[in-house]
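Letters A, B, C, D and E name the chains as they come in the text, with residue numbers starting at 1 for each one.
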Amino acid sequence: MSGRALPAPLRAFRRPLGAVAGGWLAAVILAALFAPLLTPYDYDIQALKEAYQPASARHWLGTDEFGRDLLTRLIYGARTSLSVSGIAIALSVACGMTLGAAAAWFGGWFDRAVTVVVDLTWSFPEILIALILVAIIGPGTTGTMVAISVAYLAQFTRLTRAQILTLKSETFIEAARSLGAGNAHILFRHLLPNALAPVLVSAMLATGDAIILEATLGFFGLGAQPPVPSWGGMMSAGSALVFKAPWIIIFPGLAVAVTVVAINLFGDALIAELDIRARMRRQV
Amino acid sequence: QEAVFVLNTSEVGAPTYNPIKATNLNKATTLLFDRLVSQAADLSYHPWLAESWEEAPDGMSWTFHLKKGVTFHNGEPFTAETIAKWLDLFKGSENAYMAEAIAEVQVVDEATVKFVMARPEPNMLYNLSSSYMSVIEPKSFVELGDNYGVTEVYGTGPFKLESFAVGQETVLVRNDDYTWGSPLAKNTGPAKIEKLTFREIAEDSTAFLELKTGGVDMLFGVPADLLAEVQKEANLAVLTLPGQDVYYMPINVTKAPFDDIRVREAAAKAINQEEILASVFGGVGTVADTFLISALPESKVSDGAKIKYDPARANALLDEAGWVMGADGVRAKDGQPLQVSLWTQSDSIFRRLTEVVQAQLKAVGIAAEITTFDSSMIRDQYKTGEQQLAVRSYNWDNADIVDWFFGGDRLGYPNVSMFNDPKAEELRAAAMTGAKNMEERVANFTAYHDYVLTQFPMAPIYQPVNSVAYNKDRLVMPEPLNAADVGAIAIMDMEVKD
Amino acid sequence: MFSYLIRRVLMLVPVFFAVSLVIFLILHFIPGDPIDNLLKVGSSPQARTEMEARYGLDQPLPVQYGLWLGRVLTGDLGTAIVARRPVADLIAQALPHSLRLGGLALLFSSVVGVGLGVVAALNRDRWPDRAIMGGVLLGSTMPGFWLGLILMLVFSVWLGWFPVSGARSWQALVLPVLTIGLGGTALVARITRVAMIEAAGRDFVLLLHAKGLSPLRIQLRHVLRHALIPVVTILALRIGWILGGAVTVEVVFARPGLGTLLIKSLSQHDYPVVQACLLMLAMAVMLGTLLGDILQAAMDPRVRAALG
Amino acid sequence: MSALLELSEVSVSIGRAALLERISLRLEPGHILGLVGESGSGKSLTAMAAMGLLPLIGGRVTGGTVRFDGQDIAAMTDGQRRALRGRRIGFVTQNPMTALDPVQRIGAQIDVVSRLHLGLSRQAARARTLDLLTQLRIPEAAAVAEAWPHQLSGGMKQRIVIAMALAGDPDLIVADEPTTALDVTVQAQIIQILGALVRERGLALLLITHDMGVVAQICDRVAVLYAGRLAEENAVDPIFAAPAHPYTRALIGCIPQEGMARGSLHGIPGAVPGALQFPPGCRFHPRCPQASALCRATVPPLTPHGAGIAACHHLSVEAR
Amino acid sequence: MTPPPLIRIEALTRRFETGGGFLKRPRTMMAVQDVSLSIARGEVVGVVGESGCGKSTLARLVLRLLEPTSGRVLLGDSELTALPPAALRAARKRMAMVFQDPYSSLDPRYSLAEVLAEPFVVQRRALPSGAVAAMLAAVGLPETLATSHPHQLSGGQRQRVGIARALALEPEFLVLDEPTASLDVSIQAQIIDLLADLRDRLGLTYLFISHDLGLVRYFCDRIVVMYLGAVVEVLPHADAAPRHPYTRALIDSGFAPDPARRRTIAPLTGEIPSPFALPPGCAFAGRCPRATDRCRTDRPALGGDAAHPVACFHPH
């Protein structure tokens, strides 16, 4: 195999579907990063006289109910949606890996307790967990982020735990022990690095789900608060205007769907490239 | 004959049909209960459960002659005794103010009752015609306690409660014994429709789709932005009634920086009502520049008290109060940015309105951060008193709503502005209890209203018209509609086509 | 096997207590308090104490927990503070809707999902596979409320086949079931496909071919049977989704249900209702895991043997 | 005697990889043909080709013919091929642990063969199954028939697999490393059973193994595969007594034997090349001590050698 | 006087409990039962037995990768089974293990250079320059492989890497747990060749585990035969005539690659008893052609000739 030449995340680009999906994702991320450079409009300045315009040369995707450029808001919305779900999942992965690794490592009652709690929460729909948490924390970006990360905690804890447990029985761990390796060495030099790839790939796939979750929270009016745009918030606002100005809900919906499909395709390509299908055993 | 109506989104989630304890009642209440007095479209008062009445010249007593042969849904008779027990229940309740002026209820005979007044109450008939003074059956009311209005309800109304799932739907069935309808309706009973379902649909667009596809027969409130869509449909008709709503922005006078009246005034005058009318409400309805609907005489306050868009004044006031405009367009004082919270409820029209308000505040340098609450819970949130600014609306057609929303004893909710001003309390007492007749009452309330406006505990925004949309192919609306809105009177005459 | 069942059921007892404790504690550490909602601003502390005494909130936490648990065990879920009615009534109103919607959605997504998964696996890497998996992926990436709205537009508004919202007839169930079901279908189809392909690669399948059995019979009678083991297990595990997963759909279609009840009560800090809802969901989940284990044992003799 | 199974110049590819090249084998009734070679040399593929099962793993015959009892397998319909499998050709796989359907009872898995191919009723099939199990010296056959696979030991399972192969009363058994996963004592048992079957029933057995000891013990003829090509084919005695191909010789030399001095075992340097890295010329040449320029450049043809054939440029030298 | 043995194993026993759970009693099983053995410096001791008889467990116990239920292991003078963690780590420099499965015994994320550097890292020793190349060369691998990862190697190459890693810290004692079981005979011969060569060059001591009696007899000085956790016979040298019926059966079951030496096979009958429910007497009694009633009730102890002990009432 010659794959070692490319860093792992880039290897998915070697498959046609992976390249297309990766291209879209890169474009979305770049657009979100350089949003102010890409569009002459502001996301929050209202021009009420220009409200409800369909797509035109001036406003490529039309304007919303406040006369704001929809494309601009979509691009800024990508910022919110991607960063909220991205950060939330990163948080979730960090906590989930720690928890899962600790459970697998220490075993005993701690492991059993973690397993029971995690299995129980894993059995609840993420949206319900997130809604409960947002109700507790209060609406807004931070609340959404925390809620999403807790909602996915169980998934990563489970996955990490399972990974570490299988890895723990691998002979190379025993081999390291036979050389005199201590716990820290085994955990940080063998177990975690090996568990990382599947966890990261599933984190990436979960980011797609988190975008949908963020959009759904936005639909309940609980995500980013106006005028900051998020895809979910835009759809939520647009749902009441679906007859009057369907483009207001259609474009953010498309953005979500296409991006999430792209994430999934890219993830699949990555799984195939990294040859970790057996270890992924996606349950979601 | 069956019909399905959709309640106004502002009534969604009303937890009970207990008129004495509730602060939020939905339309179905008016069909479960009758009132002593009915009010016509021209706001004149007409008999209902009371066949006639006399007011003593000094206003210190009222005598009501009651209809005979009226029974409650549970078979209990409706008599003078009932009235005495009923009014007694108001003491200490949420809606005590409704009957506060009545010192004593004397049962003259089976069908005659006399209210001995503590003070003259020019608003007596209005109160008696409001749904909060729906006549309940006192025996079951006491027995059922908190369950009254939730699991069981007994009134004298043209419909009986079959089932009530809070937030979902209420099913009413016809009271076949009903013969005592208001004379304002052609039909005094029983009703023509046999079964009525009131659905609560939080999403305006869903409700509209239901109407459009024939899933429901009538929407009690059509949001302005859907009006055009309704009008496009051949099978739908819109009934435009005088509005009783006012959209406004309460300002919490206890929370800095709004403890400074200059900042309050600035915020109030930053609101461009015309722009909102045009852009959010499509030009339907009128702007509001006082707290009361313009149909009320008490809304004729002095010109100076009217709150109108005046950005120059708003900016000047903020400058004066020491809030200096920053480079980012947000004012600041002592390094603190002028950042405030702006609460709203999740219904789409509120969200849209609030977003425009936010932009308008920003235009004078006030950065408002929106927090959206579910409409069913926002009242509870106000009770915490944590709000600074909010966008809300009320629906009432009497000046005493000023007392309700700005009375110093109702801080939090309904007094969202937390307004508690000694002078206002004085004026309020005069308005609520000091008038001997209607003229005095109007004068007192106008003064009270006028003063409240000058303290800027809120900014008036918009007065809609009341648009009721219904399916022409299904419903026959009575002509003319002898009431200010589509309620018990209209429904008595309403028919369902098969 | 029978002793395993008993053991398995008994095992739920400590889990139930743990879960109930967690639910109780979470709610009591949430900022905010239902009394706040019931009291007027500026009411006397005395009014507050009275109110607290009325709802038993003045007792120490362990006592409150004990009382609550005791009542729950005798079937009394208490009275809703804000909604002012027996919690059991609220649950009784919501649960049948949730069960009907969730059950049908589960049925739909299992049947259709397994079907699609099988067709995809049988045509692995050919166009039916690609088409199914692509469609399923697309279906699962559309937010539920958006999908619901679109379905509503197409089937209720344009075609007029089904009512737009509500829970008044079986027709009203079709679109919500579809909306939830499509999401679940994606999951089931994906697991089924992978499980089928994995099972088809096992040694014993080769031997079945070598025995001269027809390929279709091998796929449907043997491979599918294996593939169903993980599918059924995961479905049973995620039974919580049946009851709570429909919140968005319930909102869009204005349907009553446990999800909406929970969310609303939560926002009103109506503890007794929230506790009861969570307990219902947790119990459903526990029963789901139990069911999953039982089904797995029923379907797989190796599991039975391991359980003893 | 006419051949029961005959592969002539069979080539097999999976995807782009040409994995087998011109393999020719002949197996007569009552005979045991051993197929040996290192891992990856193509033994299993040959078996799959013989059974017509290649499409199952995505492979195809790209040249040559496989004949069973004189009939070209490629010319048959799917149904005909299926009627052959299980009925006339029994199959025994390498790993008995995974060869049985874990969620079906033992008896049912055997019954199905005779029901399908011999048209037996349920009861008759079960009776036949019990009879077979008893013949294979399985104690308490009735209980075993009702057992689940996981309740049996490896040796027992392998006997069940053999019973399954016999249930259709076949003429040929293809056994792909039937003893590799088993302990030596159990291996001895299985080999003994297989040998007895051939003797008693006049079956033909294609025995795939990498164990030269097993080959020496029961085979009549031996085919040696290397990297997808036939290296040598001959009767068992000459193969061991005077191996023609250096690979055969090396393979035999790898097995420690009684009385061998320590240090006299040398193995074969290097490793079997992967399917995409076959060297030109003789594929064994990189590991062959006698490799010459000729070996590196040209493919040695299969030439008759004694009673068999071999493919090596140095044959003439070796023959002497 | 003979020199003191390098390794002394005394009455080593290991019990496993499995399948326990809520309200469920775990099942106990003796994986290794009362094994005693001394290995002299430079000696190659072989352990043979069928799958599951406890060979790997014994290997782990000897290196204290697994804690014994009872018994002790001494490496030279130090009692391995009693060493505190720090001392144990230091002692690990003196011994090493080569594992059965070359596919899972190397971390897939490590390059060969990293694999070979790991012993130095965990022992906190500096890696001498050129050491990786030297180690690769010692096991006959080209230096160019240093940057490759395990998945790029063949099984034989991987096993060579495993051996190189075991030798990295220049141990005296090596446990080889079926190092060739998953390899082709041609590769097995290479590895055995290499091991023999290394032993001669470095004066190593081996505990060589295998299920292949022929291989053990070829490679080892002394042979321990295990059956269901217990030692049934110790052959003093490769050509010693077996005395235990089980050893005999093992030898008889192996086939020589020589058609001239075909035999009629008299395979063992009966089933191997479950390790969870060992019979009271001799564990082999159920399959033994020589078993008597006594064998079924009493358990024979390892005894008799100290140089060639056997646990049987009726040895050959």
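The definition used in the following text is that a residue touches a chain if its C-beta (ideal position, glycine included) is under 8 Å from a C-beta of that chain, and two chains touch if they have at least 3 such contacts.
Molecules present, by chain and UniProt name: A, C = Peptide/nickel transport system permease protein; D, E = Peptide/nickel transport system ATP-binding protein.
Note that the structure is predicted; figures quoted are calculated from it, not measured.
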Point to revise | Top chain pair, ranked by number of contacting C-beta pairs | key: D-E
Exercise for review: Compute the centre of every chain as the mean of its C-alpha atoms, then state which one is farthest from the centre of chain E.
Suggested key: B
Point to revise | Length of the line joining the C-alpha centres of chain C and chain E, rounded to whole Å | key: 52
Point to revise | Inter-chain centre distance, chain D versus chain E - centres from mean C-alpha coordinates, in Å | key: 32
Exercise for review: Quick one: report the Å distance separating chain A from chain B, using the average Cα coordinate of each chain.
Suggested key: 45
**Study point:** Cα-centroid distance, chain A relative to chain E, in whole angstrom
**Key:** 49
Exercise for review: Could you list the positions in chain A whose residues touch two or more of the other chains?
Suggested key: 220, 239, 242
Review point. Can you list the residues on chain B that touch chain A in the complex?
Key: 203-205, 208, 223, 225-226, 228-229, 275, 278-279, 346, 348-349, 351-352, 354-356, 358-359, 369-374
Exercise for review: Show which residues of chain A lie in contact with chain B when the two form their complex.
Suggested key: 44-46, 48-49, 51, 65-66, 138-140, 220-222, 225-227, 236-237, 239-244
Point to revise | Touch list for chain D against partner chain E, complex | key: 38-39, 137, 153, 156, 183-185, 187-189, 191-192, 210-218, 236-237, 240-241, 250-260, 262-263, 265-269, 271-272
**Study point:** chain E-touching residues of chain A, taken from the complex the two chains share
**Key:** 1, 4, 170-172, 174-182, 185, 190, 193-194
Point to revise | Interfacial residue positions of chain D with respect to chain C in the complex | key: 51, 53, 56, 82-87, 89-91, 93, 95, 98-104, 112-113, 116-117, 148, 150-151, 161, 164, 168
